[in-house]
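Each chain gets a letter, A, B, C, D, E, F, G and H, in the order it is written, and its residues are counted from 1.
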Amino acid sequence: MTQKPLVGILMGSDSDLPVMKKAVTVLTEMGVACEMDISSAHRLPDKTAEYARSARERGLEVIIAGAGMAAHLAGVIAAHTTLPVIGVPLASGAMQGVDALHATVQMPPGIPVATVAIDGAKNAAYLACEILSIKYPEMTEALEKYREETRQTLKEKSEQLRLGQI
Amino acid sequence: MTQKPLVGILMGSDSDLPVMKKAVTVLTEMGVACEMDISSAHRLPDKTAEYARSARERGLEVIIAGAGMAAHLAGVIAAHTTLPVIGVPLASGAMQGVDALHATVQMPPGIPVATVAIDGAKNAAYLACEILSIKYPEMTEALEKYREETRQTLKEKSEQLRLGQI
Amino acid sequence: MTQKPLVGILMGSDSDLPVMKKAVTVLTEMGVACEMDISSAHRLPDKTAEYARSARERGLEVIIAGAGMAAHLAGVIAAHTTLPVIGVPLASGAMQGVDALHATVQMPPGIPVATVAIDGAKNAAYLACEILSIKYPEMTEALEKYREETRQTLKEKSEQLRLGQI
Amino acid sequence: MTQKPLVGILMGSDSDLPVMKKAVTVLTEMGVACEMDISSAHRLPDKTAEYARSARERGLEVIIAGAGMAAHLAGVIAAHTTLPVIGVPLASGAMQGVDALHATVQMPPGIPVATVAIDGAKNAAYLACEILSIKYPEMTEALEKYREETRQTLKEKSEQLRLGQI
Amino acid sequence: MTQKPLVGILMGSDSDLPVMKKAVTVLTEMGVACEMDISSAHRLPDKTAEYARSARERGLEVIIAGAGMAAHLAGVIAAHTTLPVIGVPLASGAMQGVDALHATVQMPPGIPVATVAIDGAKNAAYLACEILSIKYPEMTEALEKYREETRQTLKEKSEQLRLGQI
Amino acid sequence: MTQKPLVGILMGSDSDLPVMKKAVTVLTEMGVACEMDISSAHRLPDKTAEYARSARERGLEVIIAGAGMAAHLAGVIAAHTTLPVIGVPLASGAMQGVDALHATVQMPPGIPVATVAIDGAKNAAYLACEILSIKYPEMTEALEKYREETRQTLKEKSEQLRLGQI
Amino acid sequence: MTQKPLVGILMGSDSDLPVMKKAVTVLTEMGVACEMDISSAHRLPDKTAEYARSARERGLEVIIAGAGMAAHLAGVIAAHTTLPVIGVPLASGAMQGVDALHATVQMPPGIPVATVAIDGAKNAAYLACEILSIKYPEMTEALEKYREETRQTLKEKSEQLRLGQI
Amino acid sequence: MTQKPLVGILMGSDSDLPVMKKAVTVLTEMGVACEMDISSAHRLPDKTAEYARSARERGLEVIIAGAGMAAHLAGVIAAHTTLPVIGVPLASGAMQGVDALHATVQMPPGIPVATVAIDGAKNAAYLACEILSIKYPEMTEALEKYREETRQTLKEKSEQLRLGQI
């Protein structure tokens, strides 16, 4: 796979970094080059729109957007690109992400956002890999390998539990 | 007061008209010129941004935006203007406006949306009048007159109830 | 694009057909061949697992799964394939799809489901097209064309509103 | 009663152990042999299915399954056995178990999951005992004894409160 | 199996009959004798307590209780018996059963209620059958047969869909 | 006023004491004798019923009941007495009292529970005083005095704020 | 009992009449004189305050207030009287009374509102009777008689169900 | 702009100060004189009403009111003035501000409250500035300057992220 970023990860504020960095970790482990940036649907609307509009020609194939509260970031990006956009509702503020979930997933017909769990940055990355896998066969292999490792880890935990080690 | 529209009313779809027209009715009764348009944060993002950016110099002083589900319209407008933006969460879809309420009211610091009740288009208009009243003394009078009429209507209802007429 | 189905649409019951058929309509309009089937995470778990496991080698590239209440269908499919799986929470029963939304979107790390709005079958289809667009350039064109048509339709609605025709 | 496990306790992750171990404690106190294992509806779907399918012939009479977020574990087990399955929604993640409650209790007709409170592992065990009591008279006695002890404990607390000792 | 009722079905009001009768229909189809009665945790607390206290010696092995709003019926019954009690939250009133779900499922340690979906009277009956199946082998057969029929029905629906008949 | 307890305060567990003791403090300050006891709708149903049935003849005039989760205590007491029963939903468990609120306030017609805020033990006591005030004129005076003190305290806070002391 | 109204029933709008009239019916059946009026916390705040302030000296002993949405009526009345105030949250608007429940029950310390179920006007009346019963022995009798009738009605329903008549 | 307070900030309790002070900070930074006071819809209803009634003639042009739980403060103020009233729902108590949001935003027609996010005191201040900007051109400039600074800050964060400094 190319060394040029295929996945763009956007967040509305640097306070979202601790959660969103997990997506970078997963993508790196899976061998997918990515770029990460801070923008905001409300504070930098033009940069955000421009980012989305130019994404496909800059070589991006999936965009991941994380935002909290009235989380508009993923939706605003989706309005400016026909690339698949994955939304990560973040658990900030008093409503702990339920607001962000509603603001991310309940998109109107024509402009979908592929929404994952609240604070689900890891799954956003895995979903990006699955999307890439329809084009890059090595991605399918990487995913199958990851799934197999997950199965092994869980089986070992199961074994440890049976042996009274945990 | 001027005959040029002071209040712009925007909605994401023509299916929002039955509710949003109530704002026009109230504003007209209160003697406030307004304009109404359909735009969309997601389907016509550039028009929406341009509408908001040019609003103040076109003479608008308040913008009312109504949207349902992942209601981003008011927030996107607020991102492009420093005029006061009033958001009306609309009760469309399975969540009956709870999603739209969260997506409208839970805005991040710096870009507020003055949110009214779900389907509260009338109150959006009254709130617009109250905002205008800080500049136009005749608006204060119109509001006081309206409040007095409300009081009279309610007192008559009270009287009818006491007389067993309702 | 190929005439072999690229998108598989699964639902848990024939009562889900009225909503899920909208995905077929969109995909057909966008020129994407698809297949539709009824299976169930709970009543036909083996068929469902087999469907998912064989999906990639049968040529599918995206799977859309619609289910209501404790909607496990999308998650169970995702457990058996590394293809991207899109989940449509359906508004059946007393909770009107809020239960299905939670059961679809809150997936644990490693097995993501790309969740769209409650009853959002149309958006599931558009999201499938966006995913396919990273591989099939004609899909990007089709999406851009669709977006342009949406913009035109909305502009006409806006014009009609301004002319007092609606 | 037999020393062979009558109750199987399954959880999706070792992070669920602190809560789910409480079920083991209760069952042990009540004299019911049980086994505990880690499996996952999504990460080890085949093992989970096999576990459920073979449960009755392996001598299990009740299965307890604990899972958080989009908690599919109990439902997936229920799809593969006609033994009674008790679901424990776990309070992990931002939604604190409300998602897991919905994903566990709102099962479609034909495949029930006997759901207890969020984090209610103790009650899952007591419910298992009540189910076993229809077959094993000594279980009824054990339950009556437990209830009597509960009553005594509460009466003592009441007495202490009246005496100002607590 | 015995012709004496093994399952008691209780509801708080005759307005609950349309939903709760479905449990009778399922039990009858499965060959389980049952009795149905109206009682109330609040309006007939003594009859309800007596019903629960005498249930086991009268030969009942499972009790199903359906109630809406602040649904206390299942919990109150569970307080007076060590038989397994299945609670059906009913969708009456403005909250559409969410209140009844919380009042039924969130039982304190020691007194469990096996809760099924809102209005899930059918599943209450199937769960009762599963519980009985640990004691009556013919019940296991009946359940396996029912599951097989469900699979066949769903497969036929699937076939009809593929043939364009639905 | 009499030195015999007029208000009975019941709670389901000694873990509810820290919150429920606030009711005793308020009643004592207001000069109302009260008694406090631990009972449980589920663990000591007969004692609870007997407590309620004998309350009026023992001289109680108001009963306050605090319970968490599927809070049945207030409702069960209300079923056994025609004295006014005040319910305090307690914020225990994962749902933080929302479950208890629903289980306390949504009572069926005929058996009301006067519900106060989640953890609102203080207000339960003030409400008890207001109820007693229709019979005991000195209670009205005590309440007016308390309100006046509240007003003074708040006015002093206001003054301190204006002087920059807080 | 006196023929002068002991209970005042207030509602915010004549659209609340169909629900609130049920309170009058119950009170009349129970032999309690009452008065009914329309006022509003927001549209007639001064009348509402005056109504509350003068209530005790006008002979009222309980006030029932019904309101929907951001239901402030009961709270505002409670602020101006030390009489017991019963709040009825009404199911108007998109949120179906959940908003009104929160706005009625979650009162701050010192100013309680005795809250009943959403649309629970009947129970507001029964609660008023229970409150009056601490002062008027004939009210206790009337309540016991009503409870007995309720028990009879339910027992007849139970009998009819057993005889297959319903 | 005038040195006389244009914005009045009210809160129900001194425990609301840590959140509500943020509004003062923002207004001061924006060059808007403001006054802050503690009052309460329930504990000091007359002072609150008088505050609102006299606000316009005392020179206030916007009122900000913060309250938690059954947050009536903003609504009660709005009932007594035709100035624009901004409501800040505060996250106190077990429901973490969801109750306050409902009690603040769901106002009935005629008496609007411009609601901002839970604990959104900063945005209440920015919204006040936007309202003032329709009258005071220097306010528009201050807002544009603030927005520009926000953009710069975010761009710097973006730069730091790209350079691996955060």
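The criterion applied here is as follows: contacts are C-beta pairs under 8 Å (C-beta built on N, C-alpha and C of every residue); 3 or more make two chains touch, one makes a residue touch a chain.
Per UniProt, the chains are A, B, C, D, E, F, G, H = N5-carboxyaminoimidazole ribonucleotide mutase.
Just so we're clear, the structure is a prediction, and the values are computed from it rather than from any experiment.
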For this session: Identify the chains in contact with subunit B as well as subunit D, in label order.
Result: A, C
Exercise. Out of F-G, G-H or B-G, which pair touches the same way C-D does, with over half the contact pairs the same?
Worked result: G-H
For this session: Calculate how many whole Å lie between the centre of subunit D and the centre of subunit H, each centre taken as the average of the chain's C-alpha atoms.
Result: 49
Exercise. What is the distance, in whole Å, between the centres of subunit D and subunit G, each centre taken as the mean of its C-alpha atoms?
Worked result: 42
Seminar exercise, completed: subunit C to subunit E, mean C-alpha position gap in Å, rounds to 35
Exercise. Do you know which subunit C residues sit against two or more other chains?
Worked result: 13, 40, 43, 69-70, 93, 95-96, 98, 105-108, 110-111, 113, 117-118, 147, 150
Exercise. Which of the chains are touching one another, listed as pairs?
Worked result: A-B, A-C, A-D, A-H, B-C, B-G, B-H, C-D, C-E, D-E, D-F, E-F, E-G, F-G, F-H, G-H
Problem set entry | Footprint of subunit A on subunit H - complex, ascending | 91, 96-98, 117-119, 147, 150-151, 154-155, 157-158, 160-162, 166
Seminar exercise, completed: The subunit E residues in contact with subunit F across the complex are 12-13, 40-43, 45-46, 49, 68-72, 75-76, 78-80, 93, 95, 98-100, 102-108, 110-111, 113
Exercise. In their complex, what parts of subunit B are in touch with subunit C?
Worked result: 13-14, 17, 36-40, 43-44, 47, 69-70, 93-96
Seminar exercise, completed: The subunit E residues in contact with subunit D across the complex are 56, 61-62, 82-86, 101, 105-118, 120, 122-124, 126-127, 130-135, 140, 143-144, 146-147, 150
